[in-house]
Amino acid sequence: MKFNVGCKLSYSIHQPSTLIFNLKVIQNDYQNILKETLEVDPPLDREEYGLSFVENQYFRINAPLGKLSVSYNATVELSHVYVESETVQEVPPAELPLEVLPYLYPSRYCQSDKLGNMAQSEFGDLQPGFSRVTAICNWIYEKVEYLSGSTDSQTSAYDTATQRAGVCRDFAHLGIAFCRALNIPARFVAGYAYNLTPPDFHAYFEAYLSDRWYIFDATRLAPQSGLIRIGTGRDAADVAFATFFGAVQPEEMEVFAHQVFEPGVKAPAFTTRAIATS
Amino acid sequence: MKFNVGCKLSYSIHQPSTLIFNLKVIQNDYQNILKETLEVDPPLDREEYGLSFVENQYFRINAPLGKLSVSYNATVELSHVYVESETVQEVPPAELPLEVLPYLYPSRYCQSDKLGNMAQSEFGDLQPGFSRVTAICNWIYEKVEYLSGSTDSQTSAYDTATQRAGVCRDFAHLGIAFCRALNIPARFVAGYAYNLTPPDFHAYFEAYLSDRWYIFDATRLAPQSGLIRIGTGRDAADVAFATFFGAVQPEEMEVFAHQVFEPGVKAPAFTTRAIATS
Amino acid sequence: MKFNVGCKLSYSIHQPSTLIFNLKVIQNDYQNILKETLEVDPPLDREEYGLSFVENQYFRINAPLGKLSVSYNATVELSHVYVESETVQEVPPAELPLEVLPYLYPSRYCQSDKLGNMAQSEFGDLQPGFSRVTAICNWIYEKVEYLSGSTDSQTSAYDTATQRAGVCRDFAHLGIAFCRALNIPARFVAGYAYNLTPPDFHAYFEAYLSDRWYIFDATRLAPQSGLIRIGTGRDAADVAFATFFGAVQPEEMEVFAHQVFEPGVKAPAFTTRAIATS
Amino acid sequence: MKFNVGCKLSYSIHQPSTLIFNLKVIQNDYQNILKETLEVDPPLDREEYGLSFVENQYFRINAPLGKLSVSYNATVELSHVYVESETVQEVPPAELPLEVLPYLYPSRYCQSDKLGNMAQSEFGDLQPGFSRVTAICNWIYEKVEYLSGSTDSQTSAYDTATQRAGVCRDFAHLGIAFCRALNIPARFVAGYAYNLTPPDFHAYFEAYLSDRWYIFDATRLAPQSGLIRIGTGRDAADVAFATFFGAVQPEEMEVFAHQVFEPGVKAPAFTTRAIATS
């Protein structure tokens, strides 16, 4: 399944400023970049970099006073791995790969330590496995209202657990926090999402089950197979699509994610099967 | 039904201090004080006072350096009014008596404004009336662990909603906050409780339904008919049994609440009927 | 000094709703109402009421679907008592009048219990008295930015202590919380303010010193002698100018507070003297 | 300067459990391990591992029911780099090495995003550089009380900013949060500390200035040159000395950090010079 994704962002820079972007699709086992363009106007130097512990392709731009626009366009082919969800198990901490252990710890927006009793009370008696993480997503979908503008960049899972309103990043943070509180490693994913209305960047999460990471999205705003990854992190603090240092005024933002027509290939659809990404 | 209740409190006063106590049983329509003694040792002056907006009989003592002990003993006869709970209704704000309106507003430990969405999500679809407040109490009983020492004097309903552990005052605060969030006036009650184990002061709450206040206790630690009132307030900030200004070290605390034997009178028992107190 | 104050508020009522207003100037020793009109359009019944423990003149309106407007206009003469500030003392809890003790306790937006160490650290070593409360106001003025829209109705003193931005009610809440943490009774005041730009309702606070309540306003937005009182309470939860139950959409809001010209009477001016209100 | 450091920890394991330890001294440019022993009793397998993004040498033990003890002992030689503090500069985000950028972002216990205004208000006008981070440490030392038992594992910089009491990890978290809020990269360091009373693990922080990381310790409990590093992280969530999954009861804990006598070598002493660690 192929997608054409990208964005066009523009800014007014009121004094020389530093901007860090994280909006490029990453290349990995299940995500193949067929074509990719990135244009910065004016054509400033950009420093691209990854970090060892998260899958993101950041770039930094030092912008002078004036206008700045960034346009990104990529054609990506996805080959997700589908697994029967009943076979997907939770892994005890004794057997977890050592490199996923950090995804058990609390982070800025996912205070799993403070939500331990709540997670036990709501989900502690459920059968462990893929279905328990699904139950967490259902709980969030049913009890938290998706409401644009109801939260801001400081809102965390601890807030959402009681305030019961939020957007995609809040839904992801709460799912992650509940998972970690139950000793299920979980990480935040930023991406493009097919068919998202209104078009925007999207956030969802992955839980480590059996021997790999599986996609979960409590918002139900896009089919799981239509999620194209930008990167992962412990929470939104690791994967903001844009971070500013200086006096930067966002102006326009356009985001898109369309399926590329291929004869015989259907549109992404919601599924109850498990989708692994690594 | 008659009860003998009281307490014996002792303190070390490390510098001249002011202590405000709120531990005397109040006299009202359903609670008749048959006998009452209050001893302060050394025999210091005490200033007794009530406040216009809450039913409490406070007294203030200015204590010199040394030991202080306060002993209280009262024999009280209760005549609760029992009502069939199906007949007990919620009252719309348009018809609420004006003097109960303040019990709709958020207070220090009952941030009903921050718990509005949660209350709607959990209880908004339930049939209004006595049964909805009962559902709130059942939810608290099932989802919050009663755990001595798990909270402190700064813990509020907003914390308990997620931390899911607490003691009687936390249970009461959460019940009150949920009620107010649903436009049901609710107030905090401090009292003595028959058969409480271990013996201690107790806290529970009342909701204003139909045309009076009804007792609710989400802890299920004592039968409703065995609750003897000290006073009421918007939350624990109004009815602390003891408040200190100075260097006061609590030493011993003994609290008791026994039924007075009367031929043919049974012990207090749990009931699903509604008990009104005013 | 005479003022003409008032407001004109209009609402769209999307379903029959209950509105509680608290916008009438109160009559008391230092505030004499010379003339007063209140118009409700359509001319619905209103129930006026006070509460025993706060000075406010509330009224309740049950409004049908449609438009609602409320216009209030009063001419008020103020005769404040000026006192030399060096003579104004803090009162130890042992000697405080019993009826002001509740203003030492924490409330919804003034969590003095959580700000005890901070108050001690910042103000504990200062000379007690009027000058210490002034120091609190100066601290707030210097460290908290007055920024419209930076806070909402859930923001409390605990938030403002770190977030360092807010509006008049946040400034008042923080001042009150610091005072109570230092055992100085403090209460919230809602009022009209001469010369306020942009025109709006105003909030400030009073501290109980020597033998009466004194005005403090950390915002420095209006001269103390130009503050016309609507009412008092433990915090904003007691004195919201409008509270809605139902589907009410605020439309227009106009607030004014002008001095009435009198030959030889100057305009209100900022002062470092203490102004008592009771 | 040589130190002999280590610990002896013992646990009762009430059901088979997983324990992750992070208590080994790390080997790096300025820290040379001369001798090291680690004993686990019973002699269970342990899996040692590092993580790519933090300097820590974790090990995992899966322990059966019964007793478990872990004894660690290392002799370490430190060769810190001393720099004249006036020459140590802050680095603008435009020039920061890309790999330190994550240490600008908020983390679980260091909510720099929520403390931005406070950091600006308290430190925004100070001269940038080493002296500004020193000013942050002085502020914390003066305004926050070091009080054992005043906080717990959920306490964060946001809490400490107002509650003004804490232990070494709280002091470090607050220092880190203020630095990040001012765009100074900062990270948490866990270590052994010479002369610490009572003996315990210690926490402090490092700020990235000029072209390397510099040590800061707002507690003033140990000379900077007597700090022996276990590891670093974004905050305490990355470098807990022990993390449990299961029913583990800590029993005894002994920690030590002595200087090894060498003729002519003085004891560690407090300094106002800057000490770089990388």
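The chains carry the letters A, B, C and D, assigned in the order they are written, with residues numbered from 1 in each.
In the analysis below, contacts are C-beta pairs under 8 Å (C-beta built on N, C-alpha and C of every residue); 3 or more make two chains touch, one makes a residue touch a chain.
These numbers come from a predicted model, not from an experiment.
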item	value
Partner chains that subunit A and subunit B have in common	none
Cα-centroid distance, subunit B relative to subunit D, in whole angstrom	45
Centroid spacing, where centroids are CA-atom means, of subunit A and subunit D in whole angstrom	31
CA centroid of subunit C to CA centroid of subunit D, Å	47
Residue list for subunit B, restricted to those that touch at least two other chains	114
Inter-chain touch pairs (all)	A-B, A-D, B-C, C-D
Subunit B-touching residues of subunit C, taken from the complex the two chains share	16, 18, 20, 47, 49, 51-53, 58, 60, 62, 92-94, 98-99, 101-102, 105-108, 111, 113-114, 153-154, 183, 237-238, 243, 245-246
Subunit B residues touching subunit A - in the complex, by the definition given at the top	114-115, 117-118, 120-122, 142-145, 158, 161-165
